[in-house]
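Each structure below appears as structure tokens.
Look at the two complexes coming up: chain A is in both, with chain B in one and chain C in the other.
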Partner chain A sequence: MSLAKPLPAARRRQRGRAAPYLFVLPALLLFAAFKLYPIGWSFLLSLHRTVAGTDTFVGLDNYARLLDDPLLWTALRNTLVVLAVQVPLMLALATGLAVALDSSLLKGRSVFRLGFFLPMVTGLVAYGIVFSVLLNKDYGLVNWLLGRAGADPVPWLTDGMWARISLGLALTWHYTGYNAVILLARLQTVPRELYDAAAVDGAGALAAFRHVTLPGLRPALLLTTVLSTIGTLQLFDEPTVLTGGGPDNATLTLGMYLYRHAFTYFDFGYASAVAYALTLLIGLLGLLQFRLLGDKP
Partner chain B sequence: MTDSDRQPHDTDSRPPARRDLLRMGGGALAAGLGGLALTACTGTGADGGGGDDGDPEKGRITVWSWQGPAAELKALVPDFNKAHPGIQVTVEDIGNPAIWEKITAGLAAGGQGLADVLHIGVDYLPGYVERFPGGLADLAPLGATRHKDAFAQGLWGTVSPDGTRVNALPWEANSGGFYYRADLFEKAGVDADALQTWDETIEAGKTLKAKTGAHLIGIDKPASQPDAANFFQLLLQLQGAFYFDLDGRVTLDSPESVKAMTLIKTMNDAGLVSDLSGGWNTLISSLKKGTNAVVPYPTWFGGVIEEQVPAEAGRWRVRLPPAVRRGGPTAATVNSTHLAVAGGSRHRAAAWTFVEYALTRPASQVRIYRGKGIAPALMKAYDDSVFHEPSAFFGGQKKGEIFLAALKAPSPPVNYTADYARALRLVTDAQSKVLLKGADPAAVLRDAAAELARQTGRKTAR
Partner chain C sequence: MTTSTRGRTGRSLLLTSGLALALAAVAVPFYWLAVGATHSSQELFSSPPPLLPGGHLAENLATLQETAHFGRVVLNSLGIATVYTLLAGTVCTLAGYGFATYRFRGRDTLFGLLMLGLVVPAQITLVPLFRMMADLHWLGTYQAVIAPNLALPFGIFLMRQSMAALPKELLDSGRMDGCGELRLFWRVALPPMRPALAALAIFLFLYQWNDFVWPLIVLRDDLTFTIPVALASLQGLDETDYGAILAGTSIAAVPMAVVFLLLQRHFVSGLLAGAVKE
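== the complex of A and B ==
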């Protein structure tokens, strides 16, 4: 009887193959409901304009509006300035820090590592508020100290340029340690023999850094660059708490601009269009960075 | 946005909880999108005022408010339940400004997850009504119209712009005030009570600065918080003007607007304006330091001063603000808050029962005033003696009567429109340019008006 026969091997394998999909199904369903669906829905939203509660299909109008919106360009420019100035400085600082924290000359390394990483676990809003209190022109600690030293008060948050610098300082304080830890982890996988070989070849500390450390760090540098880029393009919390995007939109970011349209102006269609433009930008910049920094074939 | 909405009414709740704003932003976004999903799948959403309102004496209702007002509503519940035992009320303190994001997300999700009763500021109400028709229940069929004449003038037009549909019931009505340090004015030899116009006040401010070192007022110059334009708005309203006219046209560059901004520039150029960037925290520390001689804030701020600087009892006075033009009005209702019922609520009738109990009975309103100094819009409440008692803190002045006089004075209606938030943003940016870069008031306001018209498709009134 065929019924008594054991299952053919192929069918047994097939049933075995279905099992993993069953296991991931709950996660997939949740992903579809809470990620995929909103992503799709917001694309549809970006093609609509809501007038008096009724959605009207407007095609690419919202995207056309983007091109003609001076504040959007201000926000983009502000975001790109942070990207071009703060991110490289921070990553250079993080690299230096990683090398220093890796050095066997340093005593109590774990204490320092913890110290530099700690800002990362501070609540975003909490540190934003702390910085805004520290940097207040008339009442802040920093200007009080400067005053004691005989310097004039600095308009940290009330002048466009200084507000950008303050934002950069806050971001650097927060994320440098985090990036340093990633770089440090990679640094520890660089074989010691390479340094020994470099030393035998007569390389000094600088040459060793250039020819051994940096190439070794390359994948981690790529990772931190891409992560920082994405993070910067989505920048929201710090400027919101620190400056509210001001003064006169000097620290307005794309993320804030998006949020403002959705939740302050109730213009969800336009906010979605900004979100898609932002996604496109992040995708393009990410691709570019992989091209430039990634392993060449 | 306007001060009453942005500030906690009690000071134990500290600055408007920004952490909440951010947390709610993310949470609300997820909730909103989840809600959209449900709406799309089942085809049910808020159906507006139609349908069954439920039993007016039975149901389980939730109320959303913030800080002080939430606490006061909570305190009303035991009494309410004596009269209406069938209704279970849960009052939730959502926090301000978090509540706006949460209501927005709920309304955008077709009413999913909203409370039955919503506490809404005048700056958000028109936007909610216009952008989400049916999101708030029409209270007229439930009986709201019979209270039409019970509130301070102008407020019925705010909650019922077309005269038939009633979107909410007024709760607070805050008039612009002029709180000042009598001791500083005395030291400077200026009679603060005699100041009739803001021009005179600026001259007095110069003497004050020279003799005491105190600034006249403080403004959040870089507009780090959305309510940085409160003072500008007060000066506009004292002239019967606003960002929009009653037809919804943009009036940001009106002569009144330019006059208001010019006054601010004159004060600033004379070194009379201290910087309050950082918002609430900075305002309170300036209060404690005595940096500014005048705090041009509305009714509810008196309670905050008493709580924050109790040691200065007797040094403070309050009056209505000077006029912008000699002989002009000194009274302006600068903001109001309201209770609305969610259109998608299954217990609209029960929710209305609670709203009516809280807002139209003088006893409820008097109790709330005693608790948190929240100025009622309900005129009958002012018959109570609590509004006519001399205040030891304000040197024996009858503070309640001063603001009552303002509520009774003619107050032109203010058209916030659904685009108030955009207008406010452009105004605060323009003000920052004037205060920080010395820009020309007429020029920045003309640009702001043009930009507002461009963004909203509204016409300018010029």
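== the complex of A and C ==
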């Protein structure tokens, strides 16, 4: 029969059906090999104890150990303090910055937009080192300037509370501009007519911000909140370079704690249990944030 | 009329100078980093701290070379980041195109699976990945640094968002002309995507250039170190030479800032297209 071979058009359609899979296949294979597989393996590891390179099945022992590990709770508390204090302050600052960058009153907007974004380009190690030198108690520029203004030197990195503040300052420096740019992009999609209508209704700047700007920003605020939360819960580079987790574990984070167990003590099972606890926490907080900020029009 | 114009000008001046002040504060670490790179440790930790460039840059670079093979380290970083950008850029672009322009069974599920990578903390995979690399005998090699992050979820996300803007008519007319799917991608879809590709490339390069934890875990020999790993290892020394470290930090940060300034138009717009479009 003449139909023994498929018609060219049909064959092309056949090939067309496979095409999308071929495009996404490299990504999926790599993702499966280097992400999904390790995620599964990590769970198995969390049920084992590694001694001298041999894994022994211990069930949920590692998870039980989590519960009465005082240092873990310290790390959790430190991380949650950053989450509760630094993230809201930074996002408020970023919102203000975005509104300012969006204002027609501002001259040279593109220069500002760029300038505030620039810290994001700096690697975490690089800016950690710069901040650690700037904030040196005895020789740092910051304390020298404070001294000139007649203030006593501040133990930025050597006192527990100040070390947390320093960490917050460094994080704010690094991420505020980035969040502001995301918020700014969203802001530019808010119809100008809404502001005009608000003005006609006699709304002042503050009322317009509350009733037009904030609702318009909701999706971008959700995005920045969730991204900042995920980032904060995984916090590792900054405290490692800036404070080493000290003084006296005041800036020890969950990320550092996990890393320490895995690559200093080689306690892979326990490190994996910490990682799963962390994932659970991220999932729960993510859900909560979607509940609070999402859905509603 | 005149009063309100004057009021507007006044408020404009107030806002602009206020933000300029804030920007100056943000810029201080950059300025001071560049200044610090040109001073000896002794000068750095004297009172008052140096505020203007000094004369020790060459000496600091020599120390870096001596203690950390820094020339080699910079080449490592450049090489790793370049290869990574090319490979990951290809993987992410192909996937982004596939997800954005085709409708196929399981598309949303597969995409959702990839996006899981954004939410699951990277630390969860560190230990198994480390063991995988050990089993593959890849510890201490460049491919161990590069391979695990090639399918970067954020890169795929970015590309899908950008590719979604491709007009369907453009692709269909290419098909009518008998263009194969791969040729269609290469000849029809990619050219108008140049700004998005530039944004992706900058993002991937910066990501790899600044990455710290994973290279720290898999790299062994200081001849294979990347810049962040080398800097961190220097900082851990007993007698830390901060002049040298700041010179190295400048090399890590300043060229990137300059490249970013040159290409930022693509980057910010490309990133924004990915971040906020719904």
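Criterion: the second predicted complex is superposed on the first by the 279 of 297 C-alpha atoms of A that agree within 3 Å, B and C clash if a C-alpha of one lies under 4 Å from a C-alpha of the other, contacts with A are read in each partner's own complex, and residues count from 1 in each chain.
Just so it is clear, a residue touches a chain if its C-beta (ideal position, glycine included) is under 8 Å from a C-beta of that chain, and two chains touch if they have at least 3 such contacts.
Predicted, not measured: the structure shown is a model, and the values here were computed from it.
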Clash-or-fit label for the pair chain B, chain C on chain A: clash
First (chain B), second (chain C), both or neither touched by A:177: second
Contacts of A:209 with chain B and chain C, given as first, second, both or neither: neither
Touching partner for A:230 - first (chain B), second (chain C), both, neither: second
Touched partner set for A:34, first chain B, second chain C, both or neither: both
Contacts of A:133 with chain B and chain C, given as first, second, both or neither: both
Partner with the higher number of touched chain A residues, chain C or chain B: C
Touched partner set for A:123, first chain B, second chain C, both or neither: both
First, second, both or neither for A:162, with chain B first and chain C second: neither
Chain B versus chain C as contact partner of A:63, first or second or both or neither: neither
First (chain B), second (chain C), both or neither touched by A:115: second
Location of chain C clashes with chain B - one stretch out of 111-119, 129-137, 201-209 or 255-263: 129-137
Chain B/chain C common contact set on chain A: 34, 37-38, 41-42, 123-126, 129, 133, 136, 138-139, 237, 240-241, 259, 262-263, 268
In the complex, chain C residues that touch chain A: 8, 11-12, 15-16, 18-20, 22-23, 26-30, 32-33, 36, 44-49, 51, 90-92, 94-95, 97-99, 102, 104, 107, 110, 113-114, 117-132, 147-151, 153, 156, 180-182, 185, 206, 209-210, 212-213, 217, 227-228, 231-232, 235, 242, 245-246, 249, 252-253, 256-257, 260-261, 264, 268, 271-272, 275-276, 278
Partner chain C, residues of chain A touching it in the complex: 15-17, 19-24, 26-28, 30-31, 34-39, 41-42, 45, 97, 100-101, 103, 105-108, 112-119, 121-127, 129-131, 133-134, 136, 138-141, 144, 173, 177, 181-182, 185-186, 189, 219-220, 223, 230, 233-234, 236-237, 240-241, 255, 258-259, 262-263, 268, 271-272, 275-276, 278-279, 282-283, 286
Complex interface listing, chain B residues touching chain A: 18-19, 22, 25, 28-30, 33-34, 36-37, 40, 100-101, 104-105, 108, 127, 130-135, 221-226, 274-275, 277-278, 281-282, 285-286, 289, 291, 418-419, 421-422, 425, 428-429, 432-433, 436-437, 451
Residues of chain A touching chain B in the complex: 33-34, 37-38, 41-42, 50, 52-53, 70, 123-126, 129, 132-133, 136-139, 157-159, 163, 237, 240-241, 243-244, 246-249, 259-260, 262-266, 268
